[in-house]
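Please go over the structures that come below.
Look for subunit A in each of the two complexes below; its partner is subunit B in the first and subunit C in the second.
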Partner chain A sequence: MNRGVLLFAHNNDAVDYVKQGIYCAEHIKKYLNLPVSLATSDDVKGVHNFDQIIPTPNPNKKQTRNYYDGTIRQNSLWNNHSRTNAFSLSPYDETIVMDTDFIVQNKNLNKVFESKEDFLINYKAQHIDFESTYTNDMKYVSDTGIEMCWATVFYFKKTDRVKKLFQMINHIRDHWSFYRYRYQLLQKTYRNDFAFAIAIHIMNGYQKATWPKQLPINLMYITDKDVILNKTNSQWKFKHESGLISSIENQNIHVMNKIALNRIIENE
Partner chain B sequence: MENSISMAQAYSNKMKQFNNQLKLLKKKYLEQNIFYKNGHQFTITLSLINHCLGYINLGKSNSIVLLDDYDLPVRIENLQDFYDDIIDTYQQNLNSYIVEYEKIIQSKGEIQ
Partner chain C sequence: MNRGFLLFVQENADTDYLEQARLCAKSIKKFNNDPVCLMTDSKTDLTGYDEFDIIKSIPGEDLAQNSKWKIENRCKIYDVSPFKHTIVLDVDTLVLENLESYWQFFSNYTVFYLTTPTTYRNEAVKSNYYRQVFVANELPNIYCGIHYFARGKFSQQFYDQVKDVVQNYETYKKKFTPHNTQAWCSMDVATAIAVKVLNCEHMITSKNSPINFVHMKGKVQNWKGAFSNWLGQIDYFFNKNNELIVGNHLQKGIFHYVENKFINKNIKESFDA
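Entry: the complex of A and B
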C-alpha cells in the first residue's frame, strides 16, 4: 500500500497557496516522513519538495471571501472547489488530505495508518485560546441541522464506499443551491466542511452513525483575527483577538490567518 | 486604590495566560494517549489500564474482548502484550507531560 499526503493550492490576490504548500510539505516530510503531492492550477516555480505535481483546473472563478489579517480585511477569490476530487486525483492507496495552512509538528497523524477505517475526519475543533466558546454553529451546520465536520484534514483509503462518498460530495458541490436550502445553511458560499457533513449524513441513511470515525488528533486552530507574534523552531507565539498571548510547541496547528502565515514563511 | 485594582487586573491576565498554557499542554498529552490495536482506537486511561490489570490478576490473558473508543468489541488475543504496550506508552507520555508541566510552573506561564 503506498501512502502519502495530498495538498490543494489555487493562488489568489491575497494568498500564495503554492508557497504555503511548500512550507506545509516541509513539515509533513520532517514529522510524518511521507511523500507529498500538490494538486494545483498554478505554476510551481523554483525549488519545491513535492513528489508529484498534479495539474488540476480551478473550477471556481467567482466565489469570494474575506481574508483577515488581524483587523485588516481583504476580499479575494476563494478557490475551494477542487478538494472534492481528492479521491480521483490522489496517487496513493491511503491518503491524508490537508489544508496548506495546517502545520504538522508531531508524528501523531501517522497513527491513521494503524486504523482499519477507510475514512477519518474530525467533528470537533478547538481554538487554542479555549475562550472562543464551542458554539452551536460550530457543532452543527445550522440551528436545526446535522452535525458539522471539519474537512481541514481527513484520511481515506480507496474503497468502494469512499468512492461513493466522494461522488456524493461532488454531486452536492454541483447542486449547492439545492443542498444549501435542503440543509438550511445560512451562508451562500460553498464550503467543503458542510458538503462533507451533508454527504456523510446521506451516506449513513440520513442518520447520525459511527462512520466515519475521528482522526487521532485534536484539530487546534487560530482564526484569521488572531495574530502570529513570532515562530522559532517548532514554537509559535500568538496574540488572540481577546488580547491573550499563547504559545504552542510540537503541536499541530491550523493557522487560519493565512496572510500572517505567508509573512512567517517569507521570513524563514 | 486604583493602583491595587490595576495590579489585580495584571495578576488576573497573567493567570489567564498560565491556565491557558496548562490547558494546551493537557490537550497535547491526551492526544498522545491514543493507541491502536487490531485497527481499533483506544484512548489509554486509568480505567482501561485497571480493566486490563483486573483480567491479568484473575489469570485471564488470552482472547479477551475489550470495547474500543466507539464501544465496538475487539478481541485481544494476548492481553499481557496489550497491557505492556499501553502502560509503556502511558508512562512515556506522563514523563514528557511532567517535564513540560514543570517548565510552565517554573516560568509561571510566562511565554518567551
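Entry: the complex of A and C
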C-alpha cells in the first residue's frame, strides 16, 4: 500500500498557499517521512519538495472571506472547493489530507496507518490557550444543528464507503444553498468542515454513530486573531486575542493566522 | 392481562388530549403487540377507536374539579390498570420502535421512573430550567412522561402515597417544597414528593438506565439560544421509510413532543398508513 499526504493550494491576494504548502511539506517529510503531493491551480515555480504536482482547476471564482492578521483584516477569494475531490485526486492508497497551515511537528499522525479504519477525522479542536471554552459554536454546525467535524486534517483509504462519502460531500458542495438552508447554517460561504459533517451525518442515517472515528491527534489551533510572536526551531510563541502569551514545542498546530504564518516562512 | 400500556386523558378546555392519546396509541400499535388501555372521563363516543383495546373510566371523586390542567386523577393509575405490568405514557408522546428491551429492563424493578431525558440530538439534557423546584428542594429528579409499575405490595404502597400527596398537595408542598414552591400540583412534583416520603429513590430509578425518552421542551435542548418553543427553531418530517426526523436527527424510542402544534395532517397520516 502506498501512503502519502495530499495538500491543496490555490493562491489569492492575501495568502500564498503554494509557499505554505512547501513549508508544510518540509515538516511532513521531516517528521512523518511521507511523500507529499500538491493539488493546485497555480504554477509552482522554483525549487519545491513535492513528489507530485497535480493540476486541478479552481472551481471558485467569487467566494470571499475575511483574512485576519490579529486586528488587521483583508477580504480575499477563498478557494476551498477542490478539497472535496481528494478521493479522486489522491495518488495514494492511504492518504492524509491537511491544510497547508497545519504544521506537523511530531510523528503522531503516522499512527493512522496502524488503524483498520477507512476514514478518520476530528470532531473536536482545542485552542492552545486552553482558556477558550468549547462552546456550541465549536461543537455544532449551528446552535440547533448537527455535530461539527474538522476537515483541517483527515485520513482515508480508498474503500467503496469512502468513495460514497466523497460523492456525498461533492453533492453537498454543488447544492450548497439547499444544504445550508436544510442544516440551518448562518454563513453563506461554503465550508468544508460543514460539508464533511453533513455528509457523515447523512451516511450514518441522520444520527450519531461510531463511524468515522477520531484521528490519533488533538487538533490544536490558534485563530487568525492570535499573533505569532516568534518561532525558533520547533518552538512557537503566540500572543492571543485575550492578551495571554503561550508557547508550544514539538506539537502539531493549525495556524489559522495564515498571513502571519507566511511572514514566518519568508523569514526562515 | 399480563402487560400493556396505560394512557390517561381527562378533558380540559385547552388541549385535545384524546386526539393526542389516539396518536400515541397508534404509534404503540405500529411497533408493539401489547394492548393499550385508555383511562378517561371523555364524553366523546369512543366507538370505533380501535387503537384502544380497553377503555376505563376515572374512578372515585374527581380530584381535578378545581384544576385547569386536570392531571390530578392520574394518581389513580394503579387502581385502574388492568395489567400485571404497566407502562404509563404521557399522551403527548410517540412510540417510535418496539419496546421489548424496555419491558426487559423494567422487569428488574417493581416501579421505575426515568431521570435523565435526552434532547433530539440524543444528548443528555443538561439544563435544570424547568426543574427549579426539584433543585431547590432536593427532590429526586424523576419524570412521569414514561414510567413502569408491576402489581405488588410496594407498588400499591407507592401509588397510595402518590394519591395522598395529590389529595393533600397544599400540606405536602409547604413541607417538602418550601423553596421555589410550585402552586399547582403536577405529577412530576407529586411523585417526587412521594419518592422522598418513602425514601425509595434507589428502588425506582437508576443513574445508569439504558432506557430514556426524548424530551422536547424548548429550553432543555442544550441550545445557546433560550427558545421556549422547539417548533419555531427546527423542523420535522417523516421520511420515506416512515421514520421521524427532527432537526435532521433520526428519532427512536419514545418521543415526548410537548407542543400541541406538533400534531399535523402529515403526522396523523403517517400513523394511519
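Just so we're on the same page, the second predicted complex is superposed on the first by the 268 of 268 C-alpha atoms of A that agree within 3 Å, B and C clash if a C-alpha of one lies under 4 Å from a C-alpha of the other, contacts with A are read in each partner's own complex, and residues count from 1 in each chain.
FYI, contacts are C-beta pairs under 8 Å (C-beta built on N, C-alpha and C of every residue); 3 or more make two chains touch, one makes a residue touch a chain.
What you see is a predicted model; the values in this text were computed from it and never measured.
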item: Overlay on subunit A: subunit C relative to subunit B, clash or fit; value: fit
item: Touching partner for A:158 - first (subunit B), second (subunit C), both, neither; value: neither
item: From subunit A, separation angle of subunit B and subunit C (C-alpha centres, steps of 10 degrees); value: 70
item: Touched subunit A residues, subunit B compared with subunit C; value: B
item: Partner chain in contact with A:65 - subunit B first, subunit C second, else both or neither; value: neither
item: Partner chain in contact with A:124 - subunit B first, subunit C second, else both or neither; value: neither
item: Touching partner for A:251 - first (subunit B), second (subunit C), both, neither; value: first
item: Partner chain in contact with A:27 - subunit B first, subunit C second, else both or neither; value: neither
item: Which of subunit B and subunit C A:116 touches, first, second, both or neither; value: first
item: Which superposed partner A:216 touches (first subunit B, second subunit C, both, neither); value: first
item: Nearest-approach distance, in Å, of subunit C Cα atoms to those of subunit B in the combined model; value: 15
item: Contact footprint of subunit A on subunit C as seen in their complex; value: 121-122, 221-225, 233-234, 245, 247-250
item: Residues of subunit A defined as touching subunit B within the complex; value: 108, 111, 114-117, 126, 128-130, 210, 213, 216-218, 220, 237, 243-248, 250-251
item: Complex interface listing, subunit B residues touching subunit A; value: 13, 16-17, 20-21, 23-24, 27-28, 30-32, 34, 36, 38-41, 70, 72, 111-112
item: Parts of subunit A lying in touch with subunit C, wherever the complex brings them together; value: 135-137, 143-147, 182-184, 201, 205-208
